[in-house]
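Following this line, the structures themselves.
In what follows, chain A forms one complex with chain B and a second complex with chain C.
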Partner chain A sequence: MKNIVAVTACPTGIAHTYMAADLLRKGAQKLGIHIRVETQGAMGIENQLSPQDIAQADLVLIVSDIEIEHTARFHGIPISTASIESALTDADQVLQDCLQLC
Partner chain B sequence: MLIRRAAFYLGINGLESWQAEKLRKLCGYFHASVSLFNVSQCCRVPLENSLKVMAAGNKPDDFCLLFIEGMDAELAHLVLLDYISEHFKIFQSDQDFNFVRSSGLECHFHILSASDLKSLQRLDKSELLNQIAASIQTPADSHTLCSLFLNREKHAATVMGPQVALPHIMTELVTVPSIILTSLPEPLDWHSPRGPVRCIIAAALPKPASIEMIRAFTNLSKKLVDENICRLLADAPVQLQAAMLAAMLAQQAKC
Partner chain C sequence: MKFIQQVKVVNADSIIFTDLLESVISEKESIQNIWFATDKHDPPPFSYQVNFPRLEIVISGMYRNQLDDPETGITEVDLCVGDALFIPPNSWNKPDWDTTCSVLSLLFGKRQLGFSLVSKNKGDTQFYDVQKFSITARTGHAIDGILSALNSLAGEPVKHPMDNHLLLSLLTYSRSMAFASAANIKSRSEDTYQSICIYIQENFHRAISRDSIAARFNMSANHLSRLFRKQGHMRLSDYIIWVRLERAKFMLSKYPFRLHEVAVRCGFQDVNYFCRVFKTRTGKTPSEYRLSLK
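Moving on, here comes the complex of A and B:
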């Protein structure tokens, strides 16, 4: 089973950050991917990825329209990026693309 | 197929097991299928299964809808409504609905009705956002706010589920949070691959916004990911939409 850690963020951080996170979780369940999603929204960082999560990850997925915080911790792990729009439109596709890279 | 709807608020004891059991019994007298949709908890269950009804996590003062579908929906509606009015508080759209009290949010709430928009020659996304911006309580110029909305939309269109959009901005230009609800008779192109919209919930929040306000909005957006809820919301009359919106903002999301 592939292991992905994801971070979502959007400019205002009150709506799409959380929607994208939700859709990624649902999509991953469908595709049999183990995923942990951290949200960087107006409420700050929630569901923060632990060092263990990151160490075990095959891939980091960043779904964001802005610069996200704390990227240094992902050093050494392949990173895939996607826009919020693409995750909202077709989260499954975004995850499929990730699997190609794993 | 007839569809009837009843909206009500639970009492201080929520929905008790004997009430769920009584509702189940009443349902049994009719062919119509009845489901209980607890808007506050974002949970839809068949009323004929009282265990599921109890598992919906009903809490005091939750806002609920009953959906009654079937040939004898009219009759079932009468009977169920009778029981509900005895035990719970029926929501009546003609009564004064207080959005601030229902949602528990200190904000300016306004409904942009179809008649407000009739005077417009042509309704498109930017024109509607212009109208919305003009309804927002702000010392600033409404054109400035409108361009903020449009900028936000440029990043990604704010369509949530089917038929529902949540355009939102956070800016120093507003001091009082404003929520503007628009319900359109015809779908409007929102320039999104996720389709056109009929229900537009616009929010202008101060920057920085209070933590309660942010939490309320994240609650709302998490709920609006659900396609069924969006459909129900888009199909509801505007007064009911306002009550549903207040309930979704007020309650902590279960997930």
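Moving on, here comes the complex of A and C:
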């Protein structure tokens, strides 16, 4: 099973961050991908990725329209990026694209 | 050194938002209209729809939104300075972000209370200022009750003047939480208490009991009860029932499940027991409750 760690963030941090995270979790379950999603929104950093999560990941997926916090921890792991819009429109496709990369 | 700087930043943000809330509360008379979002119809793409309640208050300018209209489908509203929009869990709104405005958002998450102050100029593609700040949420306290009262009120035909009073309570409570976080005094037992509340909220549908929760948190059952009474001002069993009944109310209002199914999904093994507890705590049987919302 592929292992992905993801971070979602949007400019206002009010809703899209959390909606994208939910859609990624649902999509991953459907596609048989193990995913951990960290949200960086107005509620601060939630479900923070642990060093173990990151060490075990095949790929880092960053779904954001802004610069995210703490990117240094992903050093050495392939990173894929997507816009919030693409995740809200078709999260499954975003995840499929990730599978191509890992 | 770096740590000290971070602490300072946090305090500065906390002051911005405490002051902002203070001024909204003191100019309470200026709160003109309170809107409630609903979710009878499917939201348009890129609407804001999350599973926790939110509150938005217009600080300056005009804030245009699409909202669900139970009768006509979708309606467009212009919120002016002092107007507030309360969005219950799973309801939606769609900001148009094409007018000049500053909007304060409060996000009432399970773990965190988030604040966001967003400012936009008409015609710009980007926001010119975004301030975010968050503090640990306080589940098991009065704020839960205030929020659930507002969630219920959203579905009631007569909202005024209760909406104003509840909104003021919510703002006052939020301000006191923001203020307390500036002082940042939190004991270890408060931390544990918070984790237990979250654990209960995430596992209410399972067969959790005083003993199983105590075992999960490596403490004796008596210690757990004591901790709960001291921190939560509510008995552990009352809190578990409260969480389950809130969920049951939501399911009854939302889905055509049979009572047996609602009971099981909310962690009640026995449907008769569920009905009895529901009636004792809410004054209505589950079926009466469901009918009263129709």
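What we mean here is this: the second predicted complex is superposed on the first by the 102 of 102 C-alpha atoms of A that agree within 3 Å, B and C clash if a C-alpha of one lies under 4 Å from a C-alpha of the other, contacts with A are read in each partner's own complex, and residues count from 1 in each chain.
Criterion: contacts are C-beta pairs under 8 Å (C-beta built on N, C-alpha and C of every residue); 3 or more make two chains touch, one makes a residue touch a chain.
Please read these numbers as outputs of a predicted model, since none were measured by experiment.
In the superposition on chain A, contact is made by A:A42 with both chain B and chain C.
Applying the stated contact rule after C-alpha superposition, one finds that A:L88 touches each of chain B and chain C. Once the two complexes are laid over each other on the shared chain, residue contacts for A:I79 go to neither chain B nor chain C.
Looking at the shared chain after the overlay, A:A55 reaches neither chain B nor chain C.
When the two structures are aligned on the shared chain, A:C10 is found in touch with chain B, with no touch to chain C. Of the two partner chains, chain B is the only one touched by A:L23; chain C is not.
In the superposition on chain A, chain A positions 11-12, 14-16, 18-19, 22, 41-43, 85, 88-89 are in contact with chain B in one complex as well as with chain C in the other. Of all the residues in chain B, the ones that touch chain A in their complex are 152, 155-158, 160, 166, 168-170, 193-194, 203, 205, 209, 211, 214-215, 217-218, 220-222, 224-225, 255. By the touch criterion stated above, chain A contacts chain C in their complex at residues 11-16, 18-19, 22, 41-44, 46, 85, 88-89.
Chain C meets chain A in the complex at residues 45-46, 48-52, 54, 105, 107, 109, 111-116, 118, 126-127, 130, 132-134. Listed in rising order, the residues of chain A touching chain B in the complex are 10-12, 14-16, 18-19, 22-23, 41-43, 65, 83-85, 88-89.
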